[in-house]
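I'd like to ask some things about the structure below.
First chain written, first letter: the chains are A, B, C and D, and each begins at residue 1.
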């Protein structure tokens, strides 16, 4: 496997700037997490955008789509802000022969108790295991694009049918 | 999905005891990691053993096998020391209709720069995405049991064929 | 020693709220840091304010002064935002028979690589070792109030005389 | 202030070696902690020994004493294992005109919840604030050498008189 990671910003990559008394999107944290994860596959991380996902425009999504479509690698993880992750997933519809997994974080990766490392692991595990398609890896779950929404108040991703605890064994 | 986690010990769960000037296996860290990961599925974590995997006996593996075979849930993650993870995977051969993923860590989860959270995410992502079978999730990769070994000197898991960087796109 | 800690907010106590896509001042982190520091003295932590120090008003400083002046304990640490820490120190002038040390952080304590634990240790070490007075513990140094400023661009505290690297042995 | 740090090993500097399934003393962590602490003074860190303090010999203590006595700087912090920290402090008796503070940690600095950063801050705060002498900075307190013991069972340092909670205001 050669994994292509496209970083677009979001909470995952947020850093704190004392001089601004504010948070900004920093450089992608994915390389550091993969190093900590002691991964043994080849990968590239490319920073496409450094934005809160609420600020992403149609042009930004067109850029992401173009870069994914042009990517020579089959396994693609996109790190992304959580608020409009499902919109970007929708904008990728129709790209064939790729396993595309979007993930992000509810707490900046630089926090001690962030969900970032777990989520990136989740995405990498899914990217290796699923058939071609577009997926969202959040809240410990793998969703097919189009079947999922962010429940902002509850701080989680859930299926549109709200069938989040099906009684499978 | 209802995820069953069986904890057996290993580096993942190691804590430091000042009074002993030594490390011991502590309580399972999996619940804390899942909480940090803000997972939104049901799960149980059961501590079966608290051992370095070099100390696991045939009886221990029989216990693990019995508990896995009796588990009513389809998705099972086993946290385990890395040194004999492949042996325990072999001891589970023949259990049908389960997706069983073994994972662990090269650095204790309580360390700042541990691979534990990433690895557990990797295992959870794989457990949701794969057909029934027995797998090892380490080094950022998902291996089928029987096809993998730990390369202790290199600090990684790799395929028996050493075909770890196949030229797939 | 019985240590009184007054928390007023600042970067030290910042948490990230996904639902707001923003940081807010959370509950004081000092109790957690002291627990991690395995301290063996008695202490109280009281949250007086939860503000960025740029937002502190004259009334806020009057409140802080009143609480410090009324405090029955000799050793007092005030956790505070860094931007106006020196102004609050000035507002405490004239309070006698107390060892008052203000400290804070350039990075939220909840970050992995925060200066928070080090700074609180610095303040606690100084509070036990100095004669009565008002001090600022930042940048690894102990300054007397009135002799120090924050150099926001450089991200450090320094003496007004800029004599920050005197050639003492 | 120019701070000289001598590292001698101890839990503070422990790392985990997967290939050995064991902990070893690693490189000094003090430089990383000072960097995180964003300190703004000059300092040197020299690694004298890499030992658990239970393994320190008379020769080791003679070496430490010789290096401290020869040090041109007035402010000295010694990072040290906790079990025999008081013995090394005793071996430094009679060195004049230095402020010597020994500190260490009950949990390795590489742990998330270590006391290491707090303790090093405590030592640095004390080293700047005290008259010449030999001190131990542990359990959040500053002890004069000769007045303190480690209570191993309780996991803390305390005065010989066990007068650890005097009723000072």
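Definition applied: a contact is a pair of C-beta atoms (placed from the backbone, for glycine too) under 8 Å apart; a residue touches a chain by one contact, two chains touch by 3 or more.
Bear in mind that the values here come from a model prediction, so they are computed numbers and not experimental data.
Note on connectivity: the fewest chain-to-chain touch steps from chain A to chain D number 2. Among the remaining chains, the Cα-based centre furthest from that of chain B is the centre of C.
Between chain C and chain D, the centres computed from C-alpha atoms are 24 Å apart. Centre to centre, using the average C-alpha position, chain B and chain C are separated by 43 Å.
Annotation: 37 Å between the Cα-based centres of chain A and chain C. Contact of a single residue of chain A with at least two other chains is seen at positions 106, 112-113, 155. A list of each chain pair in contact follows: A-B, A-C, B-D, C-D.
For chain A in complex with chain B, the touching residues are 1-2, 33-34, 36-42, 72-74, 106, 112-115, 117-130, 137, 139-142, 155-158, 164-166, 168-169.
Within the complex, the chain C residues that touch chain A are 11, 14, 16, 18-19, 21-23, 52, 54, 82-83, 106-108, 110-113, 152-153, 155.
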